[in-house]
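Below are two complexes that have subunit A in common, paired first with subunit B and then with subunit C.
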Partner chain A sequence: MIREVMTANKAVAEAARLAKPQVIPVYPITPQTTISEYLAQYVADEKIDAKYVKVESEHSAISAAVGASATGVRVFTATSSQGLMLMHEILFAAAGMRTPFVLADANRAISAPLNIWNDQQDSIAQRDAGWLQIYVENAQEALDTTLMAYKISENPKVLLPSMVCLDGFILTHTVEPVEIPDQEPVDEFLPPYKAEHAFLDPKNPMSIGNLADPDYYLEARHDMQVAMENSIEVIQQTCDEFAEIFGRKYGLVEPYKTEDAEIIFVAMGSLCSTIRVIVDQLREQGEKVGLLKIRAYRPFPVEAIDEAVKNCDKLAVIDKNVTFGIGGALYTDIKAKIHKEAYGFIAGLGGRDITPDSILEVYEKTKNVPEKEVTWIGLKEE
Partner chain B sequence: MVDIPDKNLLAPGHRGCAGCGASIAVKLALNALGENTVAISATGCLEVMTTPYPETAWEIPFIHVAFENSGAVASGVESALRIQGKENVNVIAFGGDGGTVDIGLQSLSGAMERGHNMTYICYDNEAYMNTGIQRSGATPFGATTTTSPMGSASFGEDKPKKNMPMIMAAHGIPYVATASIAYPEDYVNKVKKAAETKGPAYIHLQQPCTTGWGYPSDKTIEMGRLAVETGSWILYEIVDGKFEITYRPDERKPVKEYLAPQKRFRHLDDELIEKIQKYVDAECEELGL
Partner chain C sequence: MIEIRFHGRGGQGSVTAAEILAKAAFKDGKYVQAFPFFGVERRGAPVMAFTRIDDKPIDLRYQIYNPDYVLVLDDGLLNVVDVFSGIKDNTEVIINTTDFEGSGEHKVYDIDATGIALEMLGRNIVNTIILGYFAKKTNVVSIESLVEVIKETFPGKIGELNAEATQKAYEMG
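And then the complex of A and B:
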């Protein structure tokens, strides 16, 4: 094990190296770019024994990933924003064809207006594709989650692809100390992938990606729902196994000072670091407040959330995305599944800073009951 | 005579129309390639008629992902097979004219440029037949389709066919050919050559379609023959940049003989037929036929 200062993009590339993918089809896009560069260099330097497929678009990156994964090898790809939007159609195919590969998404806003900075609209827009989505808070978590994502996706009870979502620039271009595990324990944790459900092999011919008429389609989609439900337990198990070998504990969610909290912030990604500081600050002032970090957004871990928020009065849900006409995606999911008084806050779109004051404003509004169910934080006065 | 193995790797009982040219196209290609082959297909007639779950007509491994990405899917399959040391497995992608010359062009261009060791066959029936005869970039001048219909202000498709094989040749790939299902020896030879080529190979295969072209279902091969005998479809190959005609009709027939039996051209007057004849003459002259 070595400890190095690096960006989350480097941490993801290191995780990909350790996971030993055999095919890496990838197309560069800001702020994912350095992932594609690191991996190209690793292949050039024989640090990974993989085919690096220099595709001409994200659409082809994801298409080649599905084709490669269908032959039964481990596959890695990464993208961001417009690239993920271009992949949209094939994301659904990848999940429907049950190809269990991993994609890192450097979360970035969606055009128009054109914007390269961070929010989480890109991955949220893919939430119905049938992919697992895990949001990470820092570079170490990005590395660890990428490794865990393979083990979760490749579990025969799951066999759905995983998206590891890391905030653009805030994580992808910010350096912090990261522990890089040795290859040996990683190999122990993550043995080579062996496809058993469907794969392309002339010795055992099968057809993959068939037409399914109304007699069969419904069942195929239901199988995916069951797999997604199964993944709740598999994610938890995998996190436990990971903790045993590497000592770092993760889960579906990460509660912080929630036991006696009256108000709990609910959020995803790097924003949780800022919120944690504010929680401590408010606690010092005698406020009973906590944070629930959502790591697994799909599957949506209803039981784990229920357990963490059972004692509180109110939830303040902060979204770095918007579902126009209703509110933030996390907020609407919480409202649908968690029976608590909850308020939604839209913040940080297109890279607008979410400052400690923004979090305090969310807290004050929630405490005093906001005028509207969904409040936009940091809007400039006209 | 070329030796065409008779082992049928596209099983009968698929859902192609009576007289379907696409099934002949695939059956012959698989005869030439044999069992050690993985097939990739774009969405289209071929995929829909051969793989209705839980059935499949494919006796070899088969994958379909979407309409516009068979070039990229094949890239992934090829890369994964090679990294596993499976150097000798043939990788063959099939796309219709829509999936190749229109919506799949970028994906295919990328695959060819990257030099994957694979063969791509465009089975060209000159319109979107799977969805009911809409025009594509490969629809010929004068043909009426449901989206280039003849009418009081229209004689049908008003642009000539996109020259896809030459676009592929411009990629500098080692093997490009045109072929016709009506000339199976020529076609099978080309599939074999393509498979033996180290690197990307492209075959543009004309494949008459009884439903879309409007001729009796027992005339598919006859239509393919007339296309070639009139010079409307020219059989050639380009090996490492060297162009060669692979079949020369003894005497080129008037294009009218090819157009007349087809419903899609039946509305054309003598003036338009003459215009098509001139297109054909110019193309034949350019290619040295």
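And then the complex of A and C:
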């Protein structure tokens, strides 16, 4: 095990190296680019025994990933923003064909207006594709989650692809200390992938992803729903196993000072770090406040959220995305499934810095009951 | 927590300086974080980079608005951007310059890093040199760790030369 100062992009590339993928089809895009560069270097240096497939677009990258994964090998890819948009069609195919590979998404805003900075609209727009989505808070969590994502996706009860979502620039381009595990414990945690059910093998020909008429399609989709439901338990199990070997504990959600909190912030990704500092500050002033970090957004961990927020009065949900006409995606999901007084806040779109003041504003508004159900934070007045 | 803001121009190595400082402080046993001002970098355009150093894990994920230290790699920027923006009463500012006349309002140190760079490196790259001066003036980071990280970052002859130039700036501090 070594500790080094690196970006979350390098941490993800290190995780991919340790997971020993056999095929890496990837196309560069800001702010994901250095992931594809590190991986190209690792393959060239024979640090990874993988086929690095140079493609002409993200649509091709994800298509090659699905094709490779369908032959029963481990596959890694990564993208961001418009690249993920271009993958959209095949994301559904990947999930429907039950190809359990891992994609790292460097969360970035969507055009127009053109913007290369961070928000989470790109992955949120893919939430119905049938992928697991896990949002990470720092570089270490990006590395650890990438490793766990393989084990979760490849579990026979799941067999759905996973998206590891890391905030563009805020994580991808920030260096901080990261612990890189040795290969041996990783091999123990994540043995080579053995496809057991449906995979393409010339000795045992079969077709995958072919036509399903109205007699079959409904059942195929229902199977995916069951797999997504199963993944709740598998994620928790995998996090526990990971903690046993590597000593770092993760879960579906991460509650912070929620037990006696009257108001709980709910958020995803790197923003949770700053919120935690503000929670401590407010606590010092006698405010009963906590944070619920959502790691797994799909599957949506309703029971874990319920448990964490059961004692509170109000929820302040901060989204770095918007579902126009209704509010942030996390907020609307919380409103649908969690029976608590909840208010939505849209913040940080297109890289607008979310400062302590932004978070304090969310807290004050929630405490005094906001004028609107959904408030945009930091909006410049005309 | 110590917060440091770098001002430079695209191509001058401000982001690299912020990362070298973080890596050196990490070698000293600190928790660190370094990141660029997230933008579209163009050679010659004003850029910023940031470093945070602390004795405990760093949980802040926003830009640095009230730095403890400001390092300015190019004094031409003084006419272009407000390098004093958001500084506190005790903020120390280090400027690479030969003709800065402060108002006395701020704690400003000037160093002719360009002179050292031209003499020892043969080109005007001052990002490591200014760190040497900073190390001596502030004791935020050890010169030993700084020199080690510079040699790791630039392997071979370039690293050796940069390390020597950084050492020289340290001694001038």
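In this text, the second predicted complex is superposed on the first by the 382 of 382 C-alpha atoms of A that agree within 3 Å, B and C clash if a C-alpha of one lies under 4 Å from a C-alpha of the other, contacts with A are read in each partner's own complex, and residues count from 1 in each chain.
The criterion applied here is as follows: a contact is a pair of C-beta atoms (placed from the backbone, for glycine too) under 8 Å apart; a residue touches a chain by one contact, two chains touch by 3 or more.
All of these numbers come straight from a predicted model, not from anything done at the bench.
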item	value
Three-chain arrangement built on subunit A, subunit B and subunit C clash or fit	fit
Touching partner for A:V66 - first (subunit B), second (subunit C), both, neither	first
Subunit B versus subunit C as contact partner of A:A212, first or second or both or neither	first
Subunit B versus subunit C as contact partner of A:W117, first or second or both or neither	second
From subunit A, separation angle of subunit B and subunit C (C-alpha centres, steps of 10 degrees)	110
Which superposed partner A:I90 touches (first subunit B, second subunit C, both, neither)	first
Which of subunit B and subunit C A:D128 touches, first, second, both or neither	neither
Contacts of A:D240 with subunit B and subunit C, given as first, second, both or neither	neither
First (subunit B), second (subunit C), both or neither touched by A:E188	neither
Contacts of A:G351 with subunit B and subunit C, given as first, second, both or neither	second
Superposed arrangement (fit on chain A Cα atoms) - minimum subunit B/subunit C Cα distance in Å	29
Contact residues of subunit A, present in both the subunit B and the subunit C interface	none
Complex contact set, residues of subunit C against subunit A	19, 22-23, 26, 31-36, 38, 40, 58-63, 65
Complex interface listing, subunit B residues touching subunit A	35-38, 40, 47-48, 51-54, 56, 58-66, 68-69, 71-77, 79-84, 89, 106-107, 109-111, 113-114
Subunit A residues touching subunit B - in the complex, by the definition given at the top	22-23, 25, 49-51, 53-57, 59-61, 63-73, 75, 89-90, 93, 97, 200-202, 204-213, 216
Touching residues (chain side subunit A, partner subunit C) in the complex	5, 116-118, 169-170, 173-177, 270-271, 273-274, 276-277, 351, 353-356
